[in-house]
Amino acid sequence: MTVADDAAAPAMAADQGKSLFKRNLENFAENRLALASAVLVLIFVLMAIFAPWIAPHDPNETDLFRRLQPPGWMPGGEWSYLLGCDGLGRDILSRIIYGSRISIFIGTAVILVATTIGIVAGLAAGYLRGWVDIAISRLVDILLGFPYLIFAIGLMAMMGPGLFNIILALAYKEWVIPCRVVRGETLAVRELEYVEAARAIGASRFHIMLREIMPNILSPVIVVSTIRMADVIILEASLSFLGLGVQPPTASWGSMVADGRAFILEAWWVSTFPGLAILLLVLVINVASQGLRDAFDPRFNE
Amino acid sequence: MRLGKLVERLLQLVPVLLGVSTIVFLMMALTPGDPVEIMIGDQPITPAEELTLRQDLGLDKPIGERFVVFLENAVTGDFGMSLFHRRPVFDVIVERLPATIELSLVALIIALVTSIPLGVMAAIKKNTIIDRVATIGSLLGVSLPGFWFGILLLMLFAVQLRLLPVSGRIGFDSEVAPITHFLLVDTLLRGRLDAFWDALSHILLPAITLGLPMTAILTRVTRTSMLEVLRQDYVAFAEAKGLSRRRILFRHALKNALIPTVSVAALETGSLLGGNMIVETVFGWPGLGRLVVESIFVRNYPLVQAAVLFYAVTYVLVNFVADLLYTLLNPRVKL
Amino acid sequence: MTTMPATPLLQVQGLRTVFETRAGRVFAVDGVDVTVNPGECLGVVGESGSGKSVTFSSVMGLVRAPGRIASGSIRFEGRDLRALSPPDMRKIRGRDIAMTMQDALTALNPALTVGEQILEVLYAHDETLPEGRIMARRRAARAKAVEMLELVGIASAGDRLQYYPHEFSGGMRQRIMIAIALACRPKLLIADEPTTALDVTIQAQVLELIADIRVRLGMSVVLITHDLGVVSEYCDRVMVMYAGQVVEEGPTASVIQNPQHPYTRGLLQSIPRLSLRGQKIKPIEGQVPDLIDLPPQCRFYSRCSERLDACMNRIDMRELGDKRRARCIRLPEVKA
């Protein structure tokens, strides 16, 4: 369909003059679904931040009278305890709101740590090459030899549960992904002219890596990291479900679902709603990050 | 000539396997806390007994030596005793293996059988209802937490509708003497159709739950790949030849379009191993995954270590096969 | 070709094919008339974007979304092709009208053997194959396939049937593609840039091959190319296209010796020639116009050295006598 492409070329030319980043952002904004999803992600984040003000009840307050109380719209339920109560009479809605803090915090922390390590390692491997590259690449290959969950579970088994430990356990394998991306991009970029120019004027290797190469590889790394966020959140929830995540009484969506397992016969809402929360958050992150990836796709910008 | 290359690639696996074993060993050795103390717990024990225990476990030797011993044992399959089961770790693991393998295989089959037609249809009828459904389905498939989906399925089919069993691998009445240890196969081989249906009804929900993310990914991959193939010149040329649409689809397009699907499927099979633990826990499936989770809680570390090593080695091998498969399928890529 | 034939083999009138793109509607083919007579070779010349390939894709019914035929009539042996059902159209493709593409490497399926790709055309269309018994049918088809490959000059054709496309050289692949196209002895062969992807030496071989087969089978050929040299050597008539329209048309020798349209003249002048050694090559200045929402005026206006204000209006084809037509108002119109 070269005819169509040729014909559309002059219209595209009108976009030139804006920076690549800005154009990509505009592409993203055009994708209404992705934009809406990004807004929803923001809402989740706000919910997490303002949890104490939004949640109708104390998430840890037990009330045995309200044990397994149905959601507000069902007989026996109260509207003030909208989504019902769990086995200890705690308000599910409030726990879900507070639970968002765990998911979002852990997800963000893991991605930040992993991306930082990944960028450093990837830059070093891609630019310095030699034994640094070999060592890092070997390490990457070995780590990739573990199924994700097994590795995390193994680590958690050894380290014991806890917030800090989960972040470590997940980050241990996660950094491999941004590292590979960064390494690939660095390899591609290092031969370009502006890097040669920097070398020619005697810039130190460190300077080159930081100032010349890194700004240009950030885009794909950001895109990949946002996509990974969704997976990390599900992983944390899975670990918590198995009992290897945050410990009670802290409310994690995963452990809430696990708590509800005992009651699937008589109180379906205890497991259902926390899981629904996970689904929603992960869904909107996925849509938004896909949109981001499509917007930054170089093929759209020729 | 081909064999030489194959051996070469196999040899490249060795450092990876070695590295994996090292990491598994280190995970154990670097655990904060004394494993012996953890294992003893609150039980009364004399210092002499404690020393014997320590020596038995080889924990009194320096770490380098322990590593070598670990490797030696790993190769021979000796992972020590599982105090919890009072049997060798290796035996316990092997006993649970068939259940996990059977579950994974069925999940894989379900994934392939669903995703390929769906992906192909979505590509052919692009932007129609089927395409939308496939795309949304894929999105949901990767966004659903497996453990929640499993519980949801249970609530719907087992509790509400009472169509399928709640847990386990098979009912008491349907037990048969094992041949292959794969229940679906054994029940047929023993000619017990009722037992076969029973086994099938037990494996259905867990396999669907396990296979869901893979189905989602494979549908996307197949759709994208098919779209790409349909744009190719050779498809246009085949049309110019006046061939029937069926012929073009099945002979020209599919063969090329399925290459990415198969290779991604092979790669993702490894991740089925991870999902096992969740699904087996939710459905009470007596496989290796659930064994691992249980062992963690009773602090049966030798078993956990052995299982992790086993999973890792399997994963590396599966990826290797996946790589091989890709080079075989693509007629233009030489080994 | 001596006398004027009665009915043309292919008659296209007023063809308009449109593509809906992100930026707007593009009429890749905008009011094109094509006539191909039995046994003749028509050359179609134009640069990328002129619509030359899309015209004949439209004739074959191969235009897919986001493109479609907006209007016009396409008649082959008197039959209206646009009115045919898809199964009927499929019978015409490959059997009565065949097409080859520019790059044989991408046109041949890398996952299928060459033999299979010839055989499937025979199985689809050839009614002379024995019915019923599979083995006899297969043998007959195979024999024909070997015959075709030998016709195009592939040695030891019988063995070569089970090779894959990437195991042949570029020139041989092009021949194989021609063999596939001609397997059912079509009446019309549309060769889309048959030589563009080939070395110069191979180009000559392939063109000779096409010319030779054309004579032997009494076939009509449409040679789509951007190379006027090829056209002058092999084609009876030539049609020059620009920006979706036909701008000049007539017997080859006549057009080349005496081009009437400024674009044709420009094309001829921009060919490097030994006889003009020492003189500068004169390329045509400017670029092809944006095809989206074109105003009704001469499309060559922005690049024409002889333009007038009057050229800003809609320009129709004019008969120039001697079976020649051109789309320019600066020419004397002759009532034919």
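Going by the order they are written in, the chains are A, B and C; count residues from 1 in each one.
Criterion: a contact is a pair of C-beta atoms (placed from the backbone, for glycine too) under 8 Å apart; a residue touches a chain by one contact, two chains touch by 3 or more.
The model shown is predicted, which means the values in this text are computed figures rather than measured ones.
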Two chains sharing the most contacts, counting C-beta pairs only: A-B
Farthest chain relative to chain B (centres taken as mean CA coordinates): C
Length of the line joining the C-alpha centres of chain B and chain C, rounded to whole Å: 55
Between chain B and chain A, distance of the C-alpha-averaged centres to the nearest whole Å: 24
Inter-centroid spacing, chain C versus chain A (mean Cα positions, whole Å): 54
Per-residue multi-chain contacts in chain A, two or more chains: none
Chain B-facing residues of chain C, complex: 60, 62, 90-95, 98-99, 101, 103, 106-112, 116, 120-121, 124-125, 164, 166, 177, 180-181
For the chain B and chain C complex, residues of the former touching the latter: 232-234, 236-244, 247, 251-252, 255-256, 331-332
Residue ranges of chain A in contact with chain B within the complex: 138-139, 141-151, 153-160, 230, 234, 237-238, 241-244, 254, 257-258, 260-261, 264-265, 268, 271-272, 274-275, 278-279, 282-283, 286-287
Contact set on chain B toward chain A in their complex: 15-17, 19-20, 22-24, 27-28, 30-32, 139-140, 142-149, 151-152, 154-155, 159, 270-271, 273-275, 277-278, 281-282, 292-293, 296-297, 301, 304-305, 308, 311-312, 315-316, 319
